[in-house]
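Next, two complexes with chain A in common: one pairs it with chain B, the other with chain C.
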Partner chain A sequence: MKTIKRIINVIVILVIAILIFYLLNKLLMPKYMTDLVEGSMISQYYDEEKNHEVIFIGDCEVYANFSPMVLYQEKGITSYVRGSSQQMIWQSYYLLKETLKYEIPKIVVFNVNSMRYSEPVSEAYNRLTLDKMKWSKEKYDMIKASMLDEETMTSYIFPILRYHDRFDKLTKEDIEYLFDKKKNTYQGFLINKEIKPLENKPVVKKLANYQFADIDYEYLEKIKDLCEENNIKLLLIKAPSVYPHWYDEYDAQIEKFAEENHINFVNFLDKVGEIGIDYSQDTYDRGLHLNLTGATKLSKYFATYLKENYELTDYRENKEIDDIYQKKLEQYMKEIM
Partner chain B sequence: MKNKGTIIAIIFVVVALVIIGAFIILNSKQETKTIGNAETSVSQESKDVYQFKAEDKTVQLGVDFASLNMPKENDYAEMESCAFEGLDKEYTYDHYVISTYPEGDTDKVKSVYFLDGEAQTTEGVKIGDTYDKMVEVYGEDYQNLDNQYTYEREKTQIIFLIEDNVISQIEYNYVTE
Partner chain C sequence: MNLVSGIMFVIMLITAFVYYIVPKKAKPYTLLIISIAFYISLGWQPLIFILFSSITTYIAGILLENKENKTIKKIILAITVILNGLILVILKNRIFVKDIIVPMGISYYTFQVISYIADIYKKKYEAQKNLAKYFLYTMYFPYLSIGPINRYNDITPTLYETDKKFNSSQVFYGLLRILFGIFKKLVVANRIQILIATITGDTNTYQGAFALFAMLLYSIEIYCDFSGGIDVVIGFSKILQIKVMENFNNPYSSENIQEFWRRWHISLSNWFRDYVYIPLGGSRCGNLRTNINVLIVFILSGLWHGTQYILWGLLHGIFLLLGKVIKTPWKIVNRVITFLIVSILWAFFIWPNTVQACQMIASVFTRFNYQALIQNIGSLGLSLANYIVLIIATIMVFIYEGKKKVINEKIKNKAPEIKLILTISAILIILVFGVYGIGFDASQFIYNKF
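Moving on, here comes the complex of A and B:
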């Protein structure tokens, strides 16, 4: 009897210790709700209906520049942006792999800007993509591919190891969103209405080497293969961000890859005039990202491009789906007014 | 007996907390840095660092740009980062561009980039000079990547691009990470 009691005591104490450890992890992990909201975008996908014919993957150049609500409004295209800040190509690959566990779209749109990076750049940006991603083999593999030398896998498994110094920096947000979260994107599109015009372009420096690294091609091939295996059309794009400078040498390499693999590639920097983007009005950070008016122009143009070049369903004619999207559009319109 | 059970429970909790604490300390070796942060202690007028001299000014890398009291620039550009606060800035003068990175409330000098052959390094090398001139002045203790040659002193660098044996680009750089 005494032995059983002791065992129960030990189990109760263990459970309490684990619970405290779990709660501390949750409490100290940044919530990304009012500050650095980019860190919460990846997780918002999990709560969505998975009925998208177009999935975007890539860095900030997708989540700031393409509005799925405009694609729907214009052509009835259902889409979702799985973008995150400075998303590396290996992260895009694993994110796509994870997405395909939930749904198989008709088109995957990949923004090629990340081809310029041959190695992880920043732990802080890694965290924005990885912290809120659901645990899966893809997340584990993505962490392995993304980590800088000074990072450890255990700090991703137990965030308290990374964020223990936030004890004295906790805010109301950490309590308010301990178990709760709020949506701050529309299908992965982050709205920004500010205007900060592009006045002077940063100087364009020559590079010692313009060749994309082998690792970038390796992951681009993997993305291509993943799409082929799932009968998905891959579309490569370069969003019209003025900096960091997109060199002609970069463009030529993507053109070549696209041509050799029969993939479409659209560089929107070449179409700025046609789209009507005005960098004195349509950017919120001097040309790095488009603001709402710029993203709306680009998304309208892209909706037409998609409709003309691919067989996509006009879901405005499907009452069940349209009802869902009309509700979303209603909220979206309120927000952008 | 009841006391004994309580003592065991307390010991168990204390041991568990010690283990958790040790686990955290042992695993928290990684940094808590954010983008743009860097140590900025550069010894003033030190011979161990590269610095650029422009007319009557000495541009030290890694120092507060405001402390340089530079004349009014011809052009100015700001660059934001993808998600984080702070701006990288570029001040363009006749023959060179000084770029800065944010640290706290200050802008630290990140690089000096030569625009043409009118600017020259403190040691007298300019765009248009040859590889031999570079080696004559700076020696062969460089790191070479493709056509790029980097000389490093502490956290400061001079980077040359050489095309057809001629220097086509010169940049002073401060290593921030």
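Moving on, here comes the complex of A and C:
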């Protein structure tokens, strides 16, 4: 009897310990709600209804420049931006793979800017993409592909190993959003209304080598294959961000790849005039990203492009879905006013 | 390999598991295989050096035992000691060998094998005939990284013992000791390291009061770092029921430098006492010779740490001799003075450039700008919350160290559930308040390099 009681006690203690450990992990992990909100974008997708015909993948050039709400408003296109800061091409691949477990879109739009990077840029960016992603085989593989030398898999599994030093930086936000989260994007689009005009065009430095790395092509091929396997049309784009400079040599390589693989490629830098982007008004950080007005112009243009070139459903004619989107649009309009 | 790393934890866990499931007679050999594998993982070069030291002293031990001729015995002893000592000096100071990896723990195992060979020469015990068992004495992996310098006759009875049954109480105390060591290292020592790095990073700005602040903090850091590592070694060995000697005994409660060295790095002090001081004549040859012997021992002790620490060793020797004639009638005053002397002399560890260390010591007496220290204490790399954690953790460490026996006795009588709660709490506290991980580069122990 005494032994049974002891075993029960031990089990209870262990369960409580695991619970405390779990809570500490949650408490110390950044919440990305009011500061570095980019870190919460990946997870917001999980709460969405999964009926998107267009999925965007890529770095900040997608989440800052393309507004799915505008695509819907203009042409009834349902879309979602699975973008994140400095998203590497291997991260885009695994994110797409994860997305396909939830839904099969008609079009995947990949922003090719990340082709210029052949290795992870920083741990902080890895964290912004990975921290809030749901655990899956894709997340595990993405961590393995993304980790810098000083990073460890265990610190992703147990965030306390990475964020324990936040014990003196905890704020009200850490308690408020311990289990809760708030939406700070619209279908993955991050609104920014600020205006910081592009005053001088950045000086273009010559590079020693313009050739994309093998690893980038390897993952581009994988993205292409994944789309083909799922009967999805892949669309390559280059968003109209003025810097980092998109070299002609880069463009030529993407053109060639697109041509060889019968994939469409749109470089929006060539269509700035046509779209009507004015870098004295339409950017919030001197040309690196578009602000709300710039993103709206680009999204309107892109909605027309998509409608003209692909067979997409106009969901405004589907009452059930339109009701959902009208509610979202109402909120969106309030926020952008 | 770092003693407080995830990989080390896994190695220890596997070792303990395998150690208790293999047949009795296989236990020492299992430990040897794991130790060799551990050493191989550090590279082939270090393995060759430790094998060389082990084989030469193993053969010398057997030869010494079989020879009766005193001259031949002296020659064998001298050749073995010089050969191993030379390798230590050459490798540690990188004389002629710039590209060779200095074997981990070379200072510790070299002193161990020399003590073994000297003891055999003095017929203290019989030479070990079983090569594998002798290798285990020289290569037992936990103490290779940080010591202590174990005597053959102290450690081998439990190291070679095969009749061991799993003992949950030993495992608990071993685990608790490991956790206490990790706590000292990660919560206290590594936190202080942040402050030390800031102060040493700008020697023009941080002088005088800042230098003294660094010296006082470093006293705590090096103690928590070194003794923390030893706690891990002793704790893990306790789990395996192997008795490793204690290397510290409240050193900062010493009333003079002589007492300090009886309480600090005890295995090294004892080694110098038995194999240098006493053979030189010890205190039996008059005052002058005794004093010279003391200074020789301390210079050699400094040299053991590295050539740049010779002055540090010599000064300790001088203060030890002064302490014999100058002392106050008040215990507390003597303790404070001893602590201050030891702390100021740590300057040679904080600023390994001897000239710079001397300048910093001088600045304490010439540029004592305590107001600047008070104004800038918040900008030295630690937040207020971190200072509070540091102060509480340091107090906890010294209270426990001072009342270890009483506290352990109290814990001993507690129910297993309480012991479990204690262990889990310690782990959680270390996980949250430890200083480790990305952006922090002081995971190695200070005494790994010696």
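Of note:
Note that in this section the second predicted complex is superposed on the first by the 337 of 337 C-alpha atoms of A that agree within 3 Å, B and C clash if a C-alpha of one lies under 4 Å from a C-alpha of the other, contacts with A are read in each partner's own complex, and residues count from 1 in each chain.
Everything that follows uses one rule, which is that a residue touches a chain if its C-beta (ideal position, glycine included) is under 8 Å from a C-beta of that chain, and two chains touch if they have at least 3 such contacts.
Fair warning: this is a prediction, and the values are worked out from it, not measured in the lab.
In the overlay built on the shared chain, the residue A:I4 is in contact with neither chain B nor chain C.
Judged by the touch definition given at the top, the superposed model places A:F167 against chain C, while chain B stays out of reach. Residue contacts after overlaying the shared chain place A:E38 against chain B, while chain C stays out of touching range. Judged by the number of chain A residues each one touches, B leads among chain B and chain C. Of the two partner chains placed by the overlay, chain B and chain C both lie in contact with A:A17. In the superposition on chain A, A:E151 makes contact with both chain B and chain C. When both complexes are overlaid on chain A, the residue A:P202 reaches chain B alone and has no touch with chain C. When both complexes are overlaid on chain A, the residue A:L28 reaches chain C alone and has no touch with chain B. In the superposed pair of complexes, A:D59 makes contact with chain B only, with no contact to chain C. Put simply, chain A uses residues 6, 9-10, 13-14, 17, 21, 123, 150-152, 154-155, 160-162, 164-165 to touch chain B in one complex and chain C in the other.
Chain B contributes residues 5, 8-9, 12-13, 16-17, 20, 23-24, 27-35, 75-80, 82-84, 90, 92, 97, 113, 115, 145-148, 161, 168-169, 171 to its touches with chain A in the complex. Those residues of chain A that touch chain C in the shared complex are 6, 9-10, 13-14, 17, 20-21, 24, 28, 123, 150-152, 154-155, 160-162, 164-165, 167-168.
Partner chain A is touched in their complex by these residues of chain C: 6, 383-386, 416-417, 420-421, 424, 428, 431-438.
Across the interface of their complex, chain B is touched by residues 5-6, 9-10, 13-14, 17, 21, 36, 38-39, 59-60, 85-86, 122-125, 128, 150-152, 154-155, 158, 160-162, 164-165, 199-203, 205-206, 208-209, 243, 285-286, 288 of chain A.
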